[in-house]
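Letters A, B, C, D and E mark the chains in the order given here, with residues in each chain numbered from 1 onward.
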Amino acid sequence: MADPLMIFDILLALSIVALATASLSVRDQFTMIVLFIIFGLLSALAWVRLSAPDVALAEAAIGTGVTGALLLKTLHHLRFVSGSRNRQPMTGVAPLPPVPLGVTLANAAFCGLITLGLAAGFLGAPAAGPGFDMLVAEAMPTSGVAHPVTGVLLNFRAYDTLMEVVVLLAAVVAVWQIERGLSEAPAPVMGVVWQGFARLALPAIVVVGTYLLWGGAEAPGGAFQGGAVLAAMGLLLLLTRAYVPQPGHRGIARWAFVLGTGVFALVALLVAGGGRVAFEYPLEHAKTLILLIEGMVTISIAVTLAALFHGREPVALTTGGRHDT
Amino acid sequence: MSLAPFVTALALPLLLALALIWPQARSLVWRMMPFAPLPALALALLGDLPMHAQADWMILGLQFGLDEISRLFVIFTGLLWCAAGASARHWMRHDARATSFGVMFLMAQTGNLGLLLALDAASFYAFFAPMSFASYGLVLHSRTPQAQGAARLYIGFVVLGELALFAGLALAVAQAGSFHVADLRATALSDPAVALMMIGLCVKLGIMPLHFWLPPAHGAAPVPASAVLSGAMIKAGLFGMITLLPLGGVTYADHGTVMMAAGMVTIFAALLLGVQQTSPKAVLGYSSVSQMGILALGLGAGLMVPQAWVAILPVLVFLAAHHALAKGALFLGTGAFAAQTGPAAKLAVTLALLLPAFVLAGLPASSGALGKEALKTAFNAGSPVWLPWLTVALSLSGVATTLLMARYVAMIWLHPPGAPAKVTQEAVLLPFLALVGASLALPLVWVAVAGTLAAPISQAAPGALWPVALGVAMAAGVAIHAHAQRIGPAVFLAQITAPGRALALRADSILAAKRRAARRLAHAMPKAIGETAMRWRLGQTAIAGLIALTLLLEAGGSLRGEAAMPPAAQPGAAHPPGHMLPPYFEP
Amino acid sequence: MMDAPLLPLFILLTSLLAAPVLFSLPERAARLRTGINLGMAGLKVALVAWLSLKVSQGVIYDLRFELLPGLEFKLQADPLAILFIALSAVLWLITTIYSVGYLEHGPHRARFFGFFSLCVAATVGIALSGNLFTFLLFYELLTLATYPLVIHRGTAEALRAGRIYLIYTLAGGLVLLLGTLGLWVLAGTTDFVPGGVLAYVVAVNPLAAQLLFVVLIGALGVKAALFPFHVWLPIAMVAPAPVSALLHAVAVVKAGAFGIMRVVYEVFGIETAQALGVTAPLAVLAGVTIIYGSLKAITQDDIKKRLAYSTVSQVSYITLGVALASPLAAVGALAHLIHQGLMKITMFMVAGNLAEGLGVKRVSQMDGVGRAMPGSMLAFTLAALGMIGLPPLAGFVSKWYLAQGGLEAGQAWVIELLLGSSLLNAIYFMPMLHRAWFRDAAPETTGAPGRPRIGWMLAVPPAATAALVLIAGGFANAPFSPLEWTRFIVAIEYQE
Amino acid sequence: MSVDLSPITLAIFVPLFGAIMAFLLPRAASVIGLATLALTTGAVIWLARAVLTGGAVVLPLGGWGAPLGIDLRADGLSVAMLGLTCAVGFLVSVAALDSLKGAQQARQRQYFWPLWLLLLTGMNGVYLGTDIFNLYVMIEVIALAAVGLTVLSGSRAAVQAGLEYMYASILGALLFLMGVGFIYLQLGRLDFAGLTGAEPTGALIAALALMFVGLALKTALFPLHFWLPAAHANATAPASALLSGLVVKAALYIVLRLAQYMPFPSETLLTLVGLMGAGAVIWGGIQALRAERLKLLVAWSTVAQIGLIFVAFARAGEVGLPESWKAAALLILAHGIAKAAMFLAAGRIKDEIGHDVIRDLDRSPIRPTLAQFTFALAAISLIGLPPSLGFIGKWSLMEGAMAAGYWHWVAVTMAGTLMSVAYFSRVFAGFLRFDRVRAPVGEHQGWALADAAPLTLALAAIGLGLLAAPILGFIEIGYPFGVAP
Amino acid sequence: MTPDLIYGLTGIAVFGIGLVGALCALDRLRRVLALKLCSVGAGFLLVVGAWRAPPGVPDPVPHALVITGIVVMVSATAVALALIRRLQTLEAEDER
């Protein structure tokens, strides 16, 4: 007899696959992005089902939310640039020349083969493989946090996390570099209702974000999720033009970007000594230090994600904008 | 054993010759001409060996018989006479002196077959002489001054030869005290006797310096007559020596030396003389002389080293048969060539002529080459002093023959032999082709026919190509030289380089075009490939393709690996040394 | 006397270190450049003289430096090395003087002298190499250093010649690399050892050894202008005269010939090579090259091309002497290394003088040049007669020994070859001498009489080398003469 | 509280802090950048001494130790790569000072330093990492910074190339990540040690395939090289030098490491790798022969050289793998140094002459002699002429191939060498031809400071060949490939 | 049919679909999206691995890895999108 949960699983899985396929095959780009967002949310749901609420939260907030916003903003920009705001540009301004059907089919066939191969590999993997959980369970008491995921992120594999923040930093530096001097498409017009909503929502978002951050120590949540929620606030501010970045804000923005990375790295480095190595927080200060790091990282993440959404560095624009200024 | 078969064999040609005198019978006789040797052939092919019959009443006590050697002689001689007869029937149909030719032809045939069947010295001589004298008529047949000169020369030598042979036989018989050839062979004959017989027989054989008559005579005689003269009758000399001289029993070192030296001289001198001839049949005649030189080598070796004779004899017989068929084919082919009128037909005949020509020259695996190789092998049994020279001489004789054949082929085009006006072309062609076939098939047939005597042949190496190739090359060189001399060297140079120059020019332009095209292609190809790859985004395909390929390869590899190596294998053996655990990771 | 184990290195460094200094000097600093050039060249001659003295006393110089595990950079000064080094040192000095005069106002002088120095350094390195690997390093360096000299003029023609030169020599170098690797893999060492290192391999795997021989000789044959790899040599004649002189008398072709010597004597060992049956084909190939080069020389009208083909022919004497595998022939070969160098460099310098002073570049323009430039032409005449092999000039000595060696080895055809080659030499040199001395000058080559047409820096060097030709031949049996030294070497190589 | 700094952490953190500072203080970016590089080089030297005296250095970050935590490990090979990165990076930085000094390039200068220092962080992280997921993060750091550097000039061609590079980079990294997933699924751990001795199961085969192709894509191994030429040719000179000389080596290094720890690069896979390398050598050579612009030629030569490194990797088959890495490592070092020199020199030539069209190089009366000389020296090493490091690498390659009887790899190497001679000599002809110039030629007016860095690099590429034995000895410290001496 | 099997295969399918898109899509935005799908597929695999490891409590390490992966991916996406925007602008300028 079919387990209802299993039916749910299968249906969910099928819809995820269907949505993935649909989002890639639908012609209209806006629809594509919307389908993708739904896909992302369903994936998050699946991950909740797999007892990974932190991941689900991150996926929903960052992987789907922020990514979706970025995609939409880019689509908007593209339509503006190509002067076809109301039309549906199929493939962008300068589409790639079409590829012979045979090549496409070969691609698809290869990918199908790969998928089959990977599936075979997956099916051949041990059903209950060895994991880290024993090690984590052993180490948790000395980690300074109660939630294992946070422990892994900020203690056991803090180096990874630091580098992840570095990736974000690199991204924002790269984006600023890429888009320097780029004239901006006018922000999508947000209705009055939205602006009102934004004003109302902002405090709530801050609360939620802080809660996630704080709660990350014991329960699902943490710096990334919190940061994402706070970034959503930034997005709203930017979208409603409640906040317009000014050239003068660049300095503070830079500091905000590097805050998380800098503090994280400094702490990691400075705890070394007295027999301890880098990232080895003294047990008595572990929780404090981790919270400090998390807080700073959250701020950086939030600002960075918002900046990534906004794109170009806020500078006084010159016309043309192609050349260095 | 009854005498009847022998009598039949000899009587048929004789009676036919006599019948020709009766005009009403002539047409029938001519029709019978090819079949005249058939009784003799039948006797040789079907009779049980050894045969012997006696007719004391005839001459000085006639004795007939066949042994293994003479049987083989009868077979190829008979075949040749058949073919020549077939050819003569058409060749002579409209000839004014056909009757006289027919008589002489049949008389000679009788003599030839008779001496092969004779077992006593007297009858041998008795058949030998008519054959020689009847041939005079054949040589003289055309009555041209040239023929008359040739006939004069011929008859002179014949007389000389007959005298010597006669004297020799006389002495021999006296010493042996018997007419029977077996007795002669068993007696240690005195030197003069042997010498005289040798001279007499060598005249027939055309060994230098007794060869002068041969080429003119063969050139002058009508084609069918030349064929038998060259193919069959001169072998009578060989047969005579084999049958009369005490070879294999007594050592005649001086005779042998002379014979061998004469043979060697003959081989090459005949070449030198032959290449100067313009008449194709004279060239063939010299070629016969040259070939007889080879036989002389064998005879000489037999005289010098009797114990080698056993090995040499079968080879000599084979060589005789080989020469008879090939040379007969060439002579008949000359006639066939002359009978053709269209250039295409002439060309075709020429091509057919090349076959016996190459056989004669000793193309590997042909009877010529096999015979020579077998002779070389046989010489191994003889004097080691002579051996290298003989071997070289034999090899070079291939070159010489090739050159002569080349000369011959050139001459039939440059100086085409004459042919009777209304000869039936196909009719003269058929005997020729039959002989060509026989000549080609000889090595195969020989085994069946000769029985044990074929052993040296079937064991012989196929022979080397180089003498023939060298000969062809030299002939080509000579031809080119002659051509150059004729038209002047400068013109010739221009002429031969003209196609080369044209070719070079064309090749240059083609090459240049090709090179340009190649360069264009070399420039265009990578560009096209690169651009296509870019446009079709093959790089993306490569990503997927490579993953799939790697998956397949590794999966296949691990499957094979598992199949080949049980999991229980030691880890050290399963993994090459590179996969040993680094010390750092060791617990 | 002071003992300096690093002496070979110093000799190498005199020119190797001069190169970067010369490169970095600005174009206009001509005096300084000349000073450095001559100073270094003089120093090198002095050091080489010292080194030869020490080596003749039996001092062994052996410097090693490990590049890869087991694979050494090795310099050694054995008598064979001294022979080549002495030649290059002396001729470098002479050619340097000549090139200073030749390029007095030309462009790219910094580059020219820099690469010139590098080229000599490479030659010295080749001479001093103690193993095939080190040899390879300097062999390639030589290729690279000579390329800019060949294309010095920077014209399309020069670049084309340079490209052909580069293709041939780099491909040769690549094949040499292959051969060196093969030697390394087969024998486990690349050292030059009298008697060879391959005896075991030859016994076990003669085919591989034969293949290796073919590869190595083929590679070295490119530089030694062995037929059919000689194509680059006449084409490379577009280079300026001192380059042609040095490259084709000393550096490049001799490097190839020297390498063949090393390979035959000290990689394979003469006995092993003979047992392998590879020397006879090499001798035949050398013979073919000798005749071919001479025949081609006859048809050339351009003086330098005629000389180049003459080089093709003459360098193969060395190969021939090596391949004959007889001690006397080896003496001839080694002596010819020196003698041919002296004679050919003289001729090239004179050819340069004719072009500079009279604008004469072709044989057909040589009428009466003997009267216009008697000194230079006298030097040329001496060298040419030496080439032909007239006693008592240097060329005679080496040919004599080659012929003796041919007899010793039981190869009488060598004598006929030498006679034929001498005849051909005469056929292509005598008309030049005849024109120069016995014909009336064409109007354009007779200018104002009495005025010297070339500076002393161009006139003296050929005279000096011509004198050396005379001395090397005339005093062949004196101690420290090339011939004597050669005998010393051969005694080592044949392990007598 | 005393702070105990380990050189191994400093090698990663110094550039990170440098990047932060350079980003925060754009006006002082150059100074900060140079100082950071100097400090990083110092840290690497410190680390090298430690490795030299005590063998491989391991630092379990956070004190947890693998597999729970992440270890950093420095053995001879990693330190050699770090040394290459820092030394080449330092000299490129010096050159960048000059080539980015114009007022036009103020913005480029401002972003060049933080991106470059982040790139350095990422690369150093890769060379010290022992955890495959951490390597994934590191290659993403490298990717983002590298893309940022690629599009520094802001031209349309550069941005287009940068976008293609970005797609390839992300895809490569994701393939790698998927491979990480499979490894976790099978083994439950992510450190190198966990990989050793594993049985080749389906999941691991999948991981191997994904990771191999992902890394091949990132290192631009033929036929996955499609993104490289445009990206490297269109970047500004110092960026090209970094990208071509250093960045592709990071992925190569991971391949080298994985080949050891992943238990089964089978003979067929190695042959495939060799074939791809051979394809790169040939195709890269052909394309370099027909490239019209100098920098494009140099970029294609990178494709060919990377192919050669993979041929070196496959040179002796599965059995010879414990030795093959040395040839590959030598070639990596040689190419890193020489290619950086060559790109810098090409950039100098382009700056001086005003264009880099090969056909018209000889029309210019301006001859940047030293840059041309540098280019030629670098070419010598890339062609593999003695005594350069490239030669030694090629020697090791061919030696191994020959000893193993793999003549086809010898043939490929020789073909590649000949082709490199052919395409570089096109450039030399442009340098050395003078008969198409109308105006008087201005050449070699003395030294220029801007040439110092590339010239030093080129000389190092040649001269280090003489130090090959110590270099090899150093690389083997810590037995990176488990071969006892 | 356990959830890990279902979602594992889902992840692989999503990865495959993403791969097809990344290789075949002509439109720049779609390629970015396809890559994002690939990363979700990889995330699925790790999450499933975590779920599998010991029955009951999932392994937290892969979760952390996936979170890191998500953040890394968003950074990469942002850069790619910035490049796309820049490129489109440049192209539009050239067309004008």
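FYI, a contact is a pair of C-beta atoms (placed from the backbone, for glycine too) under 8 Å apart; a residue touches a chain by one contact, two chains touch by 3 or more.
Just so you know, these numbers come straight off a predicted model, no measurement behind them.
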Touch-network distance, chain D to chain E, counted in steps: 1
Mutual neighbours - chains that touch chain B and chain C alike: D
Between A-E and C-D, the pair joined by more C-beta contacts: A-E
Of all other chains, the one whose Cα centre sits farthest from chain A: B
Central chain (by mean CA position): D
Maximum centroid distance from chain E, chain identifier (CA atoms): B
Length of the line joining the C-alpha centres of chain A and chain D, rounded to whole Å: 30
Whole-Å separation of chain centres (CA-atom averages), chain B against chain D: 79
Between chain A and chain B, centroid-to-centroid distance (C-alpha), Å: 99
Centroid distance [mean C-alpha coordinates] between chain E and chain C, Å: 68
Per-residue multi-chain contacts in chain C, two or more chains: none
Residues of chain A whose C-beta touches two or more other chains: 96, 99, 107, 111, 114, 117-118, 122-123, 129-132, 136, 156-157, 160, 164, 167, 170-171, 174, 178, 322
Per-residue multi-chain contacts in chain E, two or more chains: 15, 19, 22-24, 28, 39, 45, 48-49, 52-53, 61, 65, 68, 72-73, 75-76, 79, 83-84, 86, 90-91
Pairs of chains in contact (touch as defined earlier), listed by label: A-B, A-D, A-E, B-D, B-E, C-D, D-E
For the chain C and chain D complex, residues of the former touching the latter: 23-24, 26-27, 65-69, 71, 73, 107-108, 110-111, 136-137, 140-141, 143-144, 148, 151, 153-156, 159, 162-163, 166-167, 170-171, 173-174, 177-178, 181-182, 184-185
Chain B residues touching chain E - in the complex, by the definition given at the top: 537, 540-541, 543-544
Footprint of chain C on chain D - complex, ascending: 369, 373, 380, 385-387, 392, 395-396, 398-399, 402-403, 410, 414, 417-418, 421, 425, 429, 432-435, 441, 443-447, 465-466, 468-469, 472
In the complex, chain B residues that touch chain A: 535-538, 540-541, 544-545, 547-548, 551-552, 555
Contact footprint of chain B on chain D as seen in their complex: 56, 58, 73, 75, 171, 175, 192-193, 196-197, 199-200, 202, 205-206, 208-210, 212-213, 216-217, 223-227, 260, 263-264, 266-269, 272, 276, 283, 286-287, 289-290, 318-322, 478-484
